[in-house]
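Okay, so chain A shows up in both of these, paired with chain B first and chain C after.
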Partner chain A sequence: MSDLDRAIEQLRACRLIPESQVRELCYKARELLIEEGNVVSVDAPVTICGDIHGQFHDLMELFRVGGDVPDTNYLFMGDFVDRGFYSLESFLLLLCLKVRYPDRITLIRGNHESRQITTVYGFYDECIRKYGSANVWRYCCEVFDYLALGAIVLGASSELEPSGSNANDLTQSTIAVDDGELETEVLNSRGEVTMSSYRPRQRASSDVDTDTQDILPPRDISAAPSQTSAPTRTGAPGTGASGDGNGSSMTSRTGAVLCVHGGLSPLIDSVDKIRLIDRKQEVPHEGAMCDLLWSDPDEIEGWGLSPRGAGFLFGGDIVKQFNHQNGLSLIARAHQLVMEGYKEMFDGGIVTVWSAPNYCYRCGNVAAILELGEDTSNGGTIARSNGEYGRSNGLSGPSSVSSPGRRYRVFEAAAQDTRGMPAKKPVADYFL
Partner chain B sequence: MASRYPVGPVGHATVSPEVKKPQSITVGGFRISTQKLPILKAEPIEEMTRQLGIAPPEMIFGDNHVTIEHQKSGWGIDFNAFDALDRVDKTGQSMLQVAHSKEWQQSREKTHEGIKDVVKPFDWSYSTDYKGTLSPNAPSFESTEKPIPIEILKRPDPIVFFDEVVLYEDELADNGIAMLSCKIRVMPARLLLLSRFFMRLDNVLIRLRDTRVYVDFETREVIREYQAKECEYEKVRQILASTRDDIPALMRDPNRLSEILQIVEKSSERIILDG
Partner chain C sequence: MAAPQIPNLNLLRRGRGRGRGSSSSSSSSDAPENSQAGRVTGKDRIVQSTDGDASVSRLSAVQLGYLNDPFARVLTPPNSAQRRLPIINRGTYVRTVAIDQLVDRFLNDPSSTGSHCKKQIISLGAGSDTRVFRLFARRDYSSRLIYHEIDFAVNTSAKIRTIRSTPQLQRGLGIEETKDNVSISDAGDALHSPSYHIHPCDLRSLKADPSITESLLGIDRGLPTLLISECCLIYLLPSEAVQVLTFFTEHLFGSPQGSSEKGELQRGCANTVPLGLILYEPIRPNDAFGRTMVSNLATRGIQLQTLHKYSSLGAQRVRLLEQGFRAGQAAADIDFIWEWWVSEEEKERVAGLEMLDEMEEWKLLAQHYCVSWGWRDEDDSAVFDGWKTVPAQSGD
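This part shows the complex of A and B:
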């Protein structure tokens, strides 16, 4: 067993590794990340995750629900640290996995992966507390500077393979969509389908009517005892076929998916412009890099300024235009707490994914991860409709790009060791 | 705007199935109850946004409340998130700006002249002068000079009921914190409730707004005190710099900050309830 495997095992048990090993790990991670572009290309199948915020035990629950690395291909959209009590264990484990399985896990930068923010929101203090000096914090911050700013998912399927058998028992009687394509599916942490939506076949426009049916209320599911085993995995894990679009006669019907922590920037009208940013620095207060990590979608038209006096908000028309120009079918982002774990906006043009259940150990929210399946209809050939090729071939008009099939796995906070946690029952005190 | 009184959760229909009954106790003719549930889901948040006219905070515990009721007189007071947020400035007149706002805006002037509109301006620090929601037919308070008897409250009388309930919280987009929470302790002969709004806008301002409700069960006297305190962030930091303590930790501790901040507003009211 290599040192790295031992470190992974140790961190999985929520035990820290020695400072010297952290230094070495961060050095290796930097060497690896420096080779990545600002926008990493990732082939489907992939599981997209939102904020973690140092909630280590919930990260373990995420791996239980979504499958382990390297069996599952993961993409984490930043905010690994701060707020929770185990930022170090969470980030170092993800970093170890990145170094050990570089092609099976992608990490992109969140606004909390910054020196300034981590000194205020907990990660710095945690490093001092657990290692007795700021060295480990410094090593980690150096890694932050090298993290990619975004990712493009290619080759996602527009149709989901229906989930496992226990779900079918529940769905067969209620779904009567003739010849429909399964477009979205929501599963609970036991792998049971709680919601599905279908779109009619052959009409590959993103705004066709969908037929949504609530099969079960999201959290009120009483499973038969035999169904409480590990969630049913769907879609064969393994490397996505890595065709490069050579001679492909047609583009995939599914556009690419842009993943970024915050959102869009008025300075960025194409994915290629993100590639031109000089990213290897502390997150600045201004410019495109800042916007990508900080901005939020909102129910407005065009661009707006946040009432806080810093930060942009962008509306549905901006998303629609950006997706169209870049041959994208979806933007996946994190950054904002959503009670249901995920939230689609603007006719499914953008989705917020949130992966920290019971945020800050007191919000009581559920978390979600988003699985995109692999499109095998072109014999595994992945068409590059990501703004590099799509615009020039004249085929990817607005109606030829359909959204990917989306499977959300929703999960709750892990039962965990409560030492060091805020007490559930408040301790009576003689406050005045 | 319709008050939420009498108590009934805003998102009642969508409350998760493991809904817990409120905790309660009755002492000396007063019924005290508290409820703690998860943050609201998307649907009730949308409904609340519509009713309030402003975007609610990121963490909105809309089903939570702390309530004191005097059964004989019908007097009661309730602390809940909706009514507290309804008192936040919705016009943007008292709007603060984050520390790096000038720098941010200057850097944008050349590139984005088209983007000037501030989206839905309002007091996004969620500062509220909320003093609780009185029951519909409650007789009104009268202004008083009589303070809450702090010395009596310092005595270690047994605490028969205690709870702490968060009503809302916002991270101010990682520029600090705004939080409204409510603590209550009930002793055999009296109770004290503290509803505290705490706001720290990093490198700009620290603000505390406390409402205290004191009830003497025997005399049925209720005293309500409101105290608003604030101070510039940098001033507070300088004062704390002279101590040897951990400054970032102190900056998160409203109790310690309370000793430093200056009072900007104060009022005191009382009422004696019919027996």
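This part shows the complex of A and C:
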């Protein structure tokens, strides 16, 4: 067993590795990350995760729900550290996995991967507390500077394969399967489907209605009327979504998915502009790089000032325009607590994925991860809609890309005492 | 002024240790000489300790520039200074300025010109609160305000020790022990001066009993009075919380000064003094955040006992009405107060102090705390006119 595998094993048990090993790990990680562009290309299938915030036991729960590395291909959208009590264990484990399986895990930068923010929100203090000096904090911050700013997911399927272990199970809703593609599905942590929505196979335009089935209590994806119930099924994490290869998606293709921690910037009108940023630095207080990590979508028109004090608010028109110009079907981002774990906005043009359940041990929210399946309809050839304007195929312009099938796995905070891992009793602050 | 006689403070402790849990065997008719320490329950100790938590939060907000409070440092236990997270600092800021605004409007009502219009504030569970010092530091208030604080003896003793050892605080209050204008009880848990009184008293012992009324030295039953409960009554049983307020609204201020217990009959008549109440406490225990709050605090031994009874803005307004604050009842959560009471300029200043990393979390937290305020002003004396224009939140 290599040192790295041993370190992974140790960190999985929520035990820290020696400072010298952290230093070596961070050095290796930097060598790896320096080769990545500002916008990493990732092929579907992939499981997209939002904020972790040092909630180590919940990260273990995430791996339980979403599948282990390297079996599942993961993309983490930043904010690994701060707020929770195990930022070190969480980040170092992810970093070890990155070094061990560089093609199976992608890490991009969040606004908390910053020297300034970590001194206020806990990671710095945790490093001092656990290692007795700021050395490890410094090594980690140097890694932060090399993290990519975004990722583009290519080759996602527009249709989910129903997550049942037997896809031809006669008990599932035949109406839905005959008439529509399974577009979204929500599963709870036991793998039971709680909601699914279909879109008609014949696509008249990009704005088609979806039919939603509420099986268990609904999530807020769509207000479409419910249809007949289907039974609960269990799906294998990380692998469930794949194109059915029956030609149904011949007339449309799935646009690329841009993943970024915060959102858009008024200074960035194309994915290529992100590629031009000199990212290897502390997160600036303003400018394009800051905006990508700090901005939030909001129900406004155009741009607005952010109440956070950094980044901007951007409206549905901005998202629509950006997606259209860049041949994107979806922007996946994190950065904002959503009580239901995920939240789609602007006709599904953007989704917030939040992966820290019971955030700060106080908020009472559930968490989610987003699985995008692989489109196998082209014999595995990926339609290169990689965010470069104008490189669409002749059949359908950038406006007619279809959104990817989206499977959300929702999970709750881990029961800490059942895992035999050290768990300091969290004390959340209140006003007393 | 001659030093007022120190009352037998043990009288106030009667009724302590009533029937929760194992302490029920010691009935309230026990000899008043019973030592207090022996009767403080673990639960009480935890409630008392919440004061330290609040003062650490206050000092954090002061040191980062949210609040200007020169008294915060000396009234925070030494070596307990700790930087709070930005979300907590902002909450401490909003809570403080919200109550400050209501207090200012009470003290500055249009009718209060000239020196004859004295006013009185009674702060329940005040602990190490600095408000009294901040108010007396203002020349326009110092001559016409009488300020009372009521808290557990363990908390009042700590505060009095701090005052004794801190000339800055004595100067702020205009008291000097050598000048004989202040008296401190032998136990060191009660302080009386012309305009500032600290009463060591378990609020649960307050009841319509002449001996208790007399022991609350210096309370002027004829002055326009403001009651403040800042995260205090919520720790009592619902029936106790009502009893405490009723003690003030009906017993102490329900009848004209000087009347005997027969004053009960005159309750509600026109010559009751103007009386107001400000409450600050958590609300909304029934959503995901609220449920988590209740269970998290429970693991620290803190029970928010009236939370479910006064669980919403609406319930707080009804509570105020039921306590006789007929002239007005209003409430707003901290999120609303930040949005609507704090000027844009000030908001910008505060937002610039620290970056708030998570707005949704702030809103969530801020929506679970509320300020409610109610008043009665049956002479139409305009004492609470300033409260009529304070933006209040409608709905629950």
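FYI, the second predicted complex is superposed on the first by the 351 of 432 C-alpha atoms of A that agree within 3 Å, B and C clash if a C-alpha of one lies under 4 Å from a C-alpha of the other, contacts with A are read in each partner's own complex, and residues count from 1 in each chain.
In the analysis below, contacts are C-beta pairs under 8 Å (C-beta built on N, C-alpha and C of every residue); 3 or more make two chains touch, one makes a residue touch a chain.
In this text, all values refer to a predicted model and were calculated from it rather than measured experimentally.
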| item | value |
| --- | --- |
| Which of chain B and chain C A:Y131 touches, first, second, both or neither | neither |
| Winner by number of chain A residues touched, once chain B and chain C are compared | B |
| Which superposed partner A:Y101 touches (first chain B, second chain C, both, neither) | neither |
| Touched partner set for A:Y361, first chain B, second chain C, both or neither | second |
| Touching partner for A:Y27 - first (chain B), second (chain C), both, neither | neither |
| Intersection of chain A interface sets (partners chain B, chain C) | 111-112, 117, 120-121, 307-310, 336-339, 359-360, 362-365, 426, 428-432 |
| Chain A - residues contacting chain C, complex | 82, 111-112, 117, 120-121, 296, 307-310, 336-339, 358-365, 425-432 |
| Contacting residues of chain A [partner chain B, same complex] | 111-112, 117, 119-121, 125, 217, 219-220, 266-267, 285-287, 294, 298, 300, 302-313, 336-340, 343, 359-360, 362-365, 426, 428-432 |
| In the complex with chain A, residue positions of chain B that touch it | 16-17, 37-42, 45, 58-59, 92, 95-98, 100-101, 103-105, 107-108, 111-112, 114-122, 124, 150, 153-154, 156, 159, 162-164, 166, 172-175, 183, 185, 192, 194, 202, 248 |
| Chain C - residues contacting chain A, complex | 50, 53-54, 57, 84-86, 88, 91-92, 95, 231, 282, 287-293, 296-297, 299-300, 302, 351-352, 354-361, 364-365, 369 |
